[in-house]
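Same chain, two partners: chain A is paired with chain B first, then with chain C.
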Partner chain A sequence: MLKKLIKIVAISMISTTIVFAANFNAQAEKDRKAFVDYFLKKFENPVANRDKYFPYVPLKELKKDYIYPLKFQDFQDGPLSWYRPSKEQFAEINDFPPYEIPVDDGEELFNKPFANGKTYASCFPNPAIKQNYPYYDVHRDEIVTIGMAVNECRVINGEKPLKYGKGDLAKVVAYLAVKSRGKKIDIKIPNENAAKAYEAGKKLFYKQRGYLAISCNECHVKSAGKRIRAEALSPALGATTQMPVYRIKWGGLGTLQRRLAGCVKDTGSEKPKMQSKPLKELAYFLTYMSNGMKLFGPDTRK
Partner chain B sequence: MKKLILISTITVAFLAGCAMNNPYASNGVDNAIANAQAKYNKAHSQMVAWKNTKKVLEKAKKLAKSNPKKAIALANEAAYEAQTALDQSAEFEKTWRAEVPK
Partner chain C sequence: MISVKKLLAIAIMSAISTTVVNAASNEALVKEGRKVFVTKKQGNCLACHAVQGDPSIPQTGDIGPKLANLDAYPKAYLFEKIWDPNKTVPNTLMPPMGRSHKITKHQIDALVAYLQATTKSK
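And then the complex of A and B:
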């Protein structure tokens, strides 16, 4: 009798965990589907759907400069996905990709022994892992980004951590990105705190802020596919697939967080610190929105 | 006498007007800075502080001894920005969910 009871309790406990486990990402999946759907519809046929999505863009420009229809994976190209003049310009620049040398540097750093004789490979035996970052670590109860993983590898091997956002750290991340090309983004929401972190990132994305009282949503969803001065606004779908990027403006590589921090500041807000909780939450949300999309970083940007 | 009343009325009205222009203003350089600091801290901890508020506040602190009048003005400006950021955040808190694609 007792045995039977224990069995029943055990089974019901396991099944409830399974049910809950399946539920933590329910809201996020709903959001993601609607998000993908919005972009697929918007870029299916901008000429035919001009009234709905692009009422102020001249018809001539829509016909001449817009690339469509965009399929799911096409959004990997960010601002180049839909705007033909940029796409052509950058195709030319990428004949000799400016990120190639930094990636080579990254490979060298990856394979160069630390003082203790070990290399990064001791932490990343399989370097094709970028598709799983950022992930929610349930034991540490926090989001772990790929930059953090690189620095933690250094620290456990007795090395000093690198500065986040650019430089050598971005080079190592770029090397990991190249090794992860073609892998599909696979962000999970393993528990309730992870779901909370996702919601916090989502709020940061949609809620207007700064003295401009503007949100990421305003530029990268509603206005995605429009131009702002000399820039073609990128759709937020696929926004993390090509990171890190070599930016001509930076004269070097920058990580996703570097880009995000810059965009937060552009709303007229205080610039958040690299690897701060809100910035990680924003990255977690944004990367989740591109789940299922193949990685193809790094790439070149203005 | 009449003239005096008139002048003082104008002065009072003028001062009241100044204070009303910026409802977060406070007097005395230490008060002004403490007030701005508290408001800024709150906005900062909620991650909604504006880009330059901290800079303005730091400048106010620097000038507290040498130019208290300017320091008060700057501190009040910082306090105003921080409070507006908090108010704005509370306002958008009610509406942002409607922006999420459904």
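And then the complex of A and C:
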């Protein structure tokens, strides 16, 4: 009898722990489902649902220029997912993808021995890892981005860290991205502090900022699928799948954080520093929202 | 002594010239307003709005409605709308460019003049 009782108690304790463990991402999962659902509905049939989602877009343009219905994975194309003129233009540009040379450079850097004779492969024996970044490191109690991982690999091998956001660092990340193509984004929220970091990122995403009092949400959720001047606004769903990107404006590669920092600045706020806590939290949140989507970076952008 | 006739003439002249000056300054205001509308570092309104009656503005966005028939609104309403659009539409995507001091009161007057002169209802 007592034995039975102990067993029940033990089982219920175990299940409570499981429930608790699963709980850290309960809110995030709720958010993510609502997020995905919004985008799938919005891009199911823009012509039929014009009043609800695209009231000011001329019907003619909706019929001619919009690609729909969009399925979950289609959002990997960012601003090209829904806007036919951009999609066609970039399909042409990608006949000879401008990111190809930087990716080759990245591969070379990856395999080139450091002064101590080791290579990046000593840290990344399997380079198909981008789907897990950024991740919350419970021991260090902070978000670790893929750029940080690259630089930490250099430092433990006695090399100087690289400048974040572009250049050689972006090239190595681009090589890792190519190796991770087809892997599904898998961001975890392992403990309470991770859940807090997620919430902080979420807050930044929805916060109206700068003299324009505008938020990421307004441009990349509410206005996703509309144009700001000639630029087709990308849906926030899938926003990180294609990173790093080669931007014609930059004349080179840039990482997710470089892109995010630019958008923060464009809304009239101060440009945040690379690898600063808020920027990492924003990236953590945004990447979590695309969980389950296949990676296919790098890609080309305006 | 100035004759009544002469006085009258002066009065009429000055009345005419005021009108002339007004028309001229309104024209300048309209021109200035258009510039504020299309300049990125000023209003940057074209990012979101096309304008009825001014199809020559290149590459307008479509986040906001095509601005049309705005002469039907009182000037004060339009001023308020541009100064802080959240007052009329609490959750609007349109930024409060007056309230946040991105453009001046004078520039908003110019925008209103431009929009009312250009988007005339038929």
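We adopt the following convention: the second predicted complex is superposed on the first by the 285 of 302 C-alpha atoms of A that agree within 3 Å, B and C clash if a C-alpha of one lies under 4 Å from a C-alpha of the other, contacts with A are read in each partner's own complex, and residues count from 1 in each chain.
Here is the rule we go by: a residue touches a chain if its C-beta (ideal position, glycine included) is under 8 Å from a C-beta of that chain, and two chains touch if they have at least 3 such contacts.
As the structure is a prediction and not an experimental result, all values here were calculated from the model.
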Touched partner set for A:G158, first chain B, second chain C, both or neither: neither
First, second, both or neither for A:G182, with chain B first and chain C second: neither
Partner chain in contact with A:P113 - chain B first, chain C second, else both or neither: neither
Which superposed partner A:P58 touches (first chain B, second chain C, both, neither): second
Partner chain(s) touched by A:S223 [first = chain B, second = chain C, both, neither]: second
Contacts of A:P85 with chain B and chain C, given as first, second, both or neither: neither
Touching partner for A:A213 - first (chain B), second (chain C), both, neither: both
Chain C versus chain B, contacts on chain A by residue: B
Touching partner for A:P272 - first (chain B), second (chain C), both, neither: first
Overlap of chain C and chain B interfaces on chain A (superposed complexes): 211, 213, 268
Chain B partner contacts - residues on chain A that touch it in the complex: 31, 34-35, 37-38, 202-204, 206-211, 213, 215, 217, 221, 265, 268-272, 278
Interfacial residue positions of chain A with respect to chain C in the complex: 54-58, 61, 211-214, 218, 222-223, 226-231, 268
Contact footprint of chain A on chain B as seen in their complex: 44, 47-51, 53-54, 81, 85, 88-89, 92-93, 96-97, 99-102
Chain C to chain A touching residues, read off their complex: 46-48, 59-66, 86, 93, 95-97, 100-102
